[in-house]
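I am attaching a structure below and will ask some questions about it afterwards.
A, B and C label the chains in the order they appear, each numbered from 1.
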Amino acid sequence: MIDGTATDAPAGPSVVRPARRRRRLLIGLAVGLAGLAAAVLLSLVFGSRVVSWDEVVGGVLAPDPNSFAEQAVATRVPRTALAILVGGALGLSGAVMQGITRNPLADPGLLGVNAGSALAVVLGISVLSIDSTGEYIWFAQAGAAGAALLVYAVGSIGRAGATPLKLAIAGAATSAALASLVSAVLLVRTDVFNVFRFWQVGGVGGADFGEMAPVLPFLGLGLVLALLSSRGLDVLALGDDVARGLGGRVGPARVLAGLAAVLLSAGAVAIAGPIGFVGLVVPHAARVFTGPGHRWLLPYSALLGAVLLVAADVVGRVINRPADVPVGIMTAVVGAPFFIWLIRRAKVREL
Amino acid sequence: MSILAAGRAVRLRRRTVVTALLGALVVALFLLALVVGDRIYGLADVLRVVLGQDVPGASFTVGRLRLPRAILAVLIGAAFGMAGTLFQTMLRNPLASPDILGIGYGSSAAAVVAIGFFGAQGATVSVVAVVAGLAVAFLLYALSWRGGVQGSRLVLIGIALGTVLLAVIQWVLTRIEVYKAAEALRWLSGSLSSAFWGDLPPLALAMAVLTPAAFVLSRRLSVLQLGDDAAAALGVRPNSTRLLLVLVAVGLISVATAAAGPVAFVAFLAGPIAGRLLPGASLLLPAAFVGAILVLGADLVGSNLLFTTFPVGVVTGAIGAPYLLWLIARSNRNGGRL
Amino acid sequence: MTVHRSLVTEALTVGYDDRVVVQELTLAIPAGRISVIVGANACGKSTLLRAMARLLPPRSGAVLLDGRSIAERPTREVAKILGLLPQTPVAPDDIAVADLVARGRYPHRSFLRPWTQEDEAAVAEALRMTDVLDLADRSVDELSGGQRQRVWIAMALAQGTDVLLLDEPTTFLDVAHQIEVLDLLTDLNRQKGTTIVMVLHDLNLAARYADELFAVKDGRLYLSGAPADVVTAPMVRDVFGMDARIVADDVSGTPLVLPIGRHHSRV
């Protein structure tokens, strides 16, 4: 490795990291941060009620109990924070999953994680009467991990390993199977269905900081593990055989990264419900700025994921005023065309 | 040459026997579905009702309720079975059935919107569902077109479209009252409980057109299976054949979905089960029978054997999930492709 | 029995998406002979073969079969005259050898016409020629690579065409099976007069088995003719970018290419 760590960057022009690349990274950072600032601002301003600048400042710093506008802004603060949190987690976990599976189409939703969480949560609500985020999280995690393992096991069977096509089909099949079990429960329990139908569209409305708190440790741990696994993912990207040849430990690297991806995506599902396509789309956008190396790709994916989800939430609030279109619907409607474009562009080989 | 003919005769006999047994099983389950229910009628009474004679009590229960339901079960089972096996054979992948790819969601989404927002019922829902299903098929084909349609691209774009349509369905479910949503959920699970005579003619008519089309296409499909280049060399145009196959299969799925909702996994299960029984054969007719057997059997189980009545789709879904796992285990063992 | 067909490309240009692969290429396939197309990787030789089999529409120019543009003739009619064995055909799961070979009869059958004696005879003949008659009832999945390739050739033979195109029929086979397949194709050519056109990677095998050799470079025809005239040191240098010495093959009398790497030159 000529340039293994950040500290030994040579003084002169580097062979592996030319100035052009660095400029791209900076541009990406600027775009990401500016986008996030703009999205957050819009998220505070827009809603069923549009507010003025003073009211935004007032609402964020010290909401005046007598001002409806400032109260409205105050409720948008946790919502925006939640969107940042969830978007970041989904973007990051998507990038990690794409790295582990060496598959540009990997995404928590497509890989059955959402369906696994949904089934576990439904069982929790109906059988054990759980009703708070703090309880959802354990069920969501377990369901997500189980489904992800199952899908990956199915998708990597056969000589060619986990090809994009096999993984996508295995994810769709597992999701269909789990969904049918979910509806078996819901058909008998209309009360559970009445809670579940709102959870399953995925949304960040009605957020409060108290509900977010129990999930934070999971997301934090996931973030740390994800960033730790970036070097392992870079080696994995070359294929298992080459990775072993370079001295990489394929199994542990994959387990560490997989744990990170599941913690992040299941944490997001637990607080915001299943939100699709963020994990799929964001890493591709991030790669434009960072290239394929995971050291930069991972944090950029988190940043852009937050931008995307906050923006999608704002659009969902504005598009059908005064009602909200849940952010999970918005990401599907925006993400699917991108996904299709990606497929049309790529030369996806036959099995 | 005689060796050749003898081998072919053995295979042909096996095919004929197994297919006939499957057909007999369809008939047996059909009759069982007429006999069994809250009240059990004798086979003699049931046959008299079927032949149009008036039997007190049985004429209503069997003639008005059970008979249309059983016919509906056979028709949609056959439709799902044929559509599934057309897709699986065309895409050379047992997991690539239209229900798994979410292609059927086009019909479902349209039907849920029609039921939930416009209070549509009966024939209107069917028409909307079929039109939407075909529209999704065209869209899928158009989006997959890039100087030709590759099977894998069709699968992936199908999954993407299915995901969007599912989001639409879920969103609609949050926008309507809970009792309507529960009704829609029941429909979305696939149910025969609202079957009545009036539903049958449009379905039967559509299938009378689509089934022969499927059989004509299955010959071209058997050549397309050899790969695009080999098929083209044998005089089959891969792209136009695929377009026709997609249209016929989605047509079958749509009319069946319109009649009974998306009954889970029947399209997915029928072909592979038929293929296990008849390796290497053309599967269209056996798969139609297996589909009918699955729906009839699952409906019998769902309405009679469980602690509460479940719609047929929940039962087929519960069968489908373990089968999926079994498929995985089997492929794992022989290292085959999935 | 076999009719001699003329197969000609006229200023043929073919490509994928926005990339032109074959450029204004004109050649005439000699009827009743074995023609082999050679060239470096990605020179367009497979594309040329696929275009000759009407699998790719020409951008400009044409492929003429018996003087008529192949693109304008009904595809089934062409399939009775011209067959192609692609590089990687797909065998359906669990299919029996005889059933797979029988699919080669597709262009001769119609929905209403049942399986005839003629179909049966063609399949039996194809199985016999390729020496897989004993395997007729076995599943294709169980066969070895060499056997499987013979079965595919049998399917192409069952099609009963006067012209047979093959895209690298020897890939993935060991050297003994390569010779076996090429001998089989030669038998077919000598016994039935079938016109054979194939793409081969191995220049020495190509020189041995070809009556006519076509060297393709960058999508254009570089040189064609008898192997002894085509396989020369300058051709190998220009087309394959490699120095070589050409000697006579003691076994067949055809030219034999001895590549000269950077480490082996004794000159």
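Just so we're on the same page, a contact is a pair of C-beta atoms (placed from the backbone, for glycine too) under 8 Å apart; a residue touches a chain by one contact, two chains touch by 3 or more.
Treat the numbers as computed from the prediction; the structure is a model and nothing was measured.
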Would you pick out the chains that touch chain B and also touch chain C?
-> none
Could you tell me which chain's Cα centre is nearest to the average position of every protein Cα atom shown?
-> B
Which chain's centre, taken as the mean of its Cα atoms, is farthest from the centre of chain A?
-> C
Cα centroid separation between chain B and chain C, in whole Å?
-> 42
Chain A and chain B, separation of their C-alpha mean positions in angstrom | 35
Where the centres are mean C-alpha positions, what is the separation of chain A from chain C, in Å?
-> 51
Residues of chain B whose C-beta touches two or more other chains = 92
Chain B partner, complex, touching residues on chain C are 16-17, 50, 53-55, 75-80, 82-96, 98-100, 103-104, 106-107, 111, 120-121, 123-124, 127, 133, 136-137, 139, 155-156, 159, 165, 167
Listed in rising order, the residues of chain B that touch chain C in the complex are 1, 3-5, 7-8, 10-11, 89, 92, 147, 216, 219, 222-223, 225-230, 232-237, 275, 279-280
So in the complex, which bits of chain B are touching chain A?
-> 92-93, 95-96, 99-102, 143, 146, 150-153, 155-157, 159-164, 166-168, 170-171, 173-174, 178, 181-182, 185-186, 188-189, 264-265, 268, 308, 310-311, 313-314, 316-318, 320-321, 324, 328, 331-332, 335-338
In the complex, go through chain A and note every residue touching chain B.
-> 105, 109-110, 153-154, 157-160, 164-166, 168-170, 172-174, 176-181, 183-184, 186-188, 190, 193-194, 197-198, 200-201, 276-277, 325-326, 328-329, 332-333, 336, 339-340, 343-344, 348-351
